[in-house]
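In what follows, chain A forms one complex with chain B and a second complex with chain C.
On to the complex of A and B.
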């Protein structure tokens, strides 16, 4: 186990996040002879997509699928490359001078990096419905984490609701692991099918086409799929019932577990706090960093690879990590031999072909992004959609002013669960665009650290002198 | 189109908003020009301390007059601004420090100021039970308190508008010129003409002063703050230290704000700051020693607001030394929040009547103008 005190004070390259982008980037850079450290906050590498890849108790390969096991190769390559891979390491700060604040086992360090690749991936898009804070209502991602890391599937009457490729993948994985799913409440707008048609030719060329179709068939054979327009969770102290409207008709089902998912969005928190410029992506309805062809950001020396650069999926993430790493190696050590980035770019293009279709088809409906009035938008501070709309109506123009009035986004999640909802609610109320409303200015630490951890930062030379004097 | 006003106030911090409100209350028509939005910088993100304690003698009269407004803040702006009065306590960490504090309090009494009061170990423990046992006593200013800074600034802005002030946000001042007695303020949204101008531009005030031929040695600073997750209520007054940089306060919702003056690196042209975690770690260690109860609290956010510091750490207040009709109100050197309400009232009185009863001797810009 690497401890905080074992770390050097500086590295050529710091990679943050050990999913496909981070693993591929660290492996390529370290093999080229660049001193590389990879930090990941989880007990093992893999990120969300390959979570538990070196430790999962699910040894039957068919449960998680061959695409999952592709992660094992990436992890092995990174391990063999000579990169220092530190798990259980939470990066809580990154600034434009590339000082990296990291905590390992309760001890903090500041590390200097000549280059940084942020590979912190994606987050599930907020899915604010009435009752989404009830025990028993979880995100599909949380259920997938339990499955991959511990081989656990939820007990009782389980419903899935939402849209997107990952919802279908999770359903298939749960079924293969022996779970029972009562129904899938599909929020995909029927009109989206028409809008997605122009993107179909590209999609047919992408690897997602045949895989996706097989998944849909597999799940539909075992679980009823109900198209819905409205959704709410109800219960005393815990989830008991799910109400929904399907084709204009009110229905309800008893349920113990409701798993929600409507796609993923880039996890922008660390890049935002580091001062990286972001822009609104209307097709993916989220903010994403402004990047050059090598995934370099507006802050010199900081690149962003993987889904954090805009959602494109796990295999694309690895190629993006390689491209970012090639640029880093060329800047740090021009004499090193690296793969031809052009060939990597071609692979990446193929991986990205299917996105237009998926983004358009699975664009979450307004009703599930702009919640009704009494629905909680900010879970940490329990702020309702109505409070946000009212503030916007009396002149609050942006999320940062909203923080001051309502404290939304000020809790421990730092806006991860409410940021997009707040931006879109303000934009809708003020009849403007999310691009003009903007996003929270995020403050470090981007992950909470204890006062004791911060106090454990090694005392600098200057401070020691000040005390001795 | 040229807009006209009685007074152009440059800067939408608490000071600019307060001056605009008090001008409007006197029946004048102010236009406030703010390059970002009101309270975007130090006024909106400071620690919120409403403190008379431990101030320079030169600003005590202003501070006392401001306190009188704070105690009835809701009557003025229609919002209590989150103001709660539980006092500020300056904790002595050694007998030597305690002796210094006694001398300061005695000196203030001789000058007629009674707001600072020496307290012994027992009273310190009563006021701040969680304080570490090694502290022999301290000084308290019982009427002090704390408020919500952004809410306060917004309340002053809102009431100023209700009383007739115009507030132009997202508007930058680009030039100042004078024809006869009329000032022409060039802005990114067109020119404004007025007989009087107030420079309340905070960390950018030196640029306004330079346009008037009054360069000042203003330092742009960004004092850092951090806030913890909610912890059970354990402390009411704001606590400050002298020899080590610390201010410490628990808000009504249970979070604890830790500050005290360690600084981030400011980039005022980008509206950005870069935090210095090694310095924040010093604050963390100080809290660790002083308040053992805080050791496992979680830091959820750290930040710094951009503001102006003068070399003598007291503000620049009063008429320009070169330009008739221009008044300065900047350089509050990390302790301007409490002074906002009173300084705005004083400034409006000065502009409207030509004189003020609040002594501001020693705060003029002349002290920096080369002879």
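On to the complex of A and C.
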């Protein structure tokens, strides 16, 4: 186990996040002879897509599928590359001079990096429905993590709701593992099918379509799929019932577990706090960093690879990590031999082909992004959609002002679960665009650290003298 | 809320709110709580509403618990250790914890 005191004070390259992008980037750079450290806050590498790849208790390969096991090779490559891989390491700060604040087992360090690759991936798009804070309601990704990393499946009456490829993948994996799913409540807008048709030719060329079709067939053969327009979770102290409207008709079902998913969005927190410029992506309805062809950001020396650069999936993430790493190696050590970035770009293009179709087909409906009156938008501070609309109506122009009025985005999750909802609610109320409303301005620490951790930072004699008399 | 698949043997003991429960090495605190049917891990500081782990990937902070005396730790990121003491958090935190 690497401890904070084992770290050098500076590295050529610091990679933050050990999913496909981070693993591929660290492996490539370390093999080229660049001193590389990779930090991941989880107990093991793999990120979310390959979660538990080195430790999963699931031995039957078919349950998670071969695409999952492809992660084992990435993890092995990174391990063999000579990169220092540190798990259980939380990066809580990154500034424009590339000082990286990291905590390991309660001890903090500041590390200098000549180059940084942020590979913190994505998180599930907020799914604010009435009752989504009740115990028993979780994200589909959470159930997938429970399965991959811990061999756990939800118990009792289980419903899945939402849209997007991951929802179907989770359903298939759960069924293969022997779990029971009562029904899938499908929120895909019918009109989206028509809108997606122009993207169909590209999709048919992508690796996704045959896999996707097989998944849909596998799941539909075993689980009823109900198209819905409205959804709420009810219960006293925990989930007991799910209400929904299907084709204009009100229905309800008893339920113990409701798993929500409507796609993933870039996890912008660390990049935002480092001062990286972001822009609104209207097709993916989220903010993403502004990047050059090598995934370099607006802050010199900081690149962002993987789904954090805009959603494109796990295989694309690895290629993006390689492209960012090639650029880093070329800058740090021009004499080193690296793969030809052009060939990597071609692979990446093929991976990205299917996105237009998937983004358009699974674009979440307004009803599930812009919640109604008493629905909680900010889970941490328990701020409702109505409160946000009311404030926008009396002149509150943006998310940062909204913090001052309502405290939304100021709880422990620091806006990760409400940021997009708040931006879109303000934009809708004020008849403007999310791009003009903007996003929360985030500041370090992006993860909570204790005073004891801060106090454990090594200090120089000069620093001590500066404050002592 | 969750059940373990097949032969994944329980291997260690942790304490949750003073009660001994079995966990498996490789579990996070949040996973061990879910596997043991503990249906909420905290109540909110604002209205006292019960909450349970929501994302299991470190972003939602619903899994905050006290671990070995340190409050507001993300249970979904901390691996269990034999003899670990976990406490659920009720409402606002007490000063100094």
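Heads up, the rule we're going with is that the second predicted complex is superposed on the first by the 462 of 469 C-alpha atoms of A that agree within 3 Å, B and C clash if a C-alpha of one lies under 4 Å from a C-alpha of the other, contacts with A are read in each partner's own complex, and residues count from 1 in each chain.
In this text, contacts are C-beta pairs under 8 Å (C-beta built on N, C-alpha and C of every residue); 3 or more make two chains touch, one makes a residue touch a chain.
As the structure is a prediction and not an experimental result, all values here were calculated from the model.
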Chain B versus chain C as contact partner of A:95, first or second or both or neither: first
Touched partner set for A:326, first chain B, second chain C, both or neither: neither
Partner chain in contact with A:402 - chain B first, chain C second, else both or neither: neither
Partner chain in contact with A:48 - chain B first, chain C second, else both or neither: second
Partner chain in contact with A:223 - chain B first, chain C second, else both or neither: neither
Touched partner set for A:445, first chain B, second chain C, both or neither: first
Partner chain in contact with A:153 - chain B first, chain C second, else both or neither: second
Partner chain(s) touched by A:418 [first = chain B, second = chain C, both, neither]: neither
Broader residue contact with chain A after superposition on the shared chain, chain B or chain C: C
Chain A positions touched by chain B in one structure and by chain C in the second: 411-412, 448, 450
Complex interface listing, chain A residues touching chain C: 41-43, 48, 51, 55, 57-58, 88, 90, 123-124, 133-139, 141-142, 145-147, 149-156, 177-178, 237-238, 256-257, 267, 379-382, 411-413, 416-417, 448, 450
Chain B - residues contacting chain A, complex: 37, 39, 44, 148, 150-151, 154, 228-229, 253, 272, 274-275, 277-278, 280-282, 284-285, 287-288, 294-303
Sites on chain C touched by chain A in the complex: 1-6, 8, 24, 26-28, 31, 34-35, 39-40, 44, 46-47, 49-62, 64, 70, 72, 76-77, 79
List of chain A residues in touch with chain B within their complex: 93, 95-97, 99, 101, 108, 110, 275, 397, 401, 404-405, 407, 410-412, 414, 443-445, 448-452, 454-457, 459-460, 463
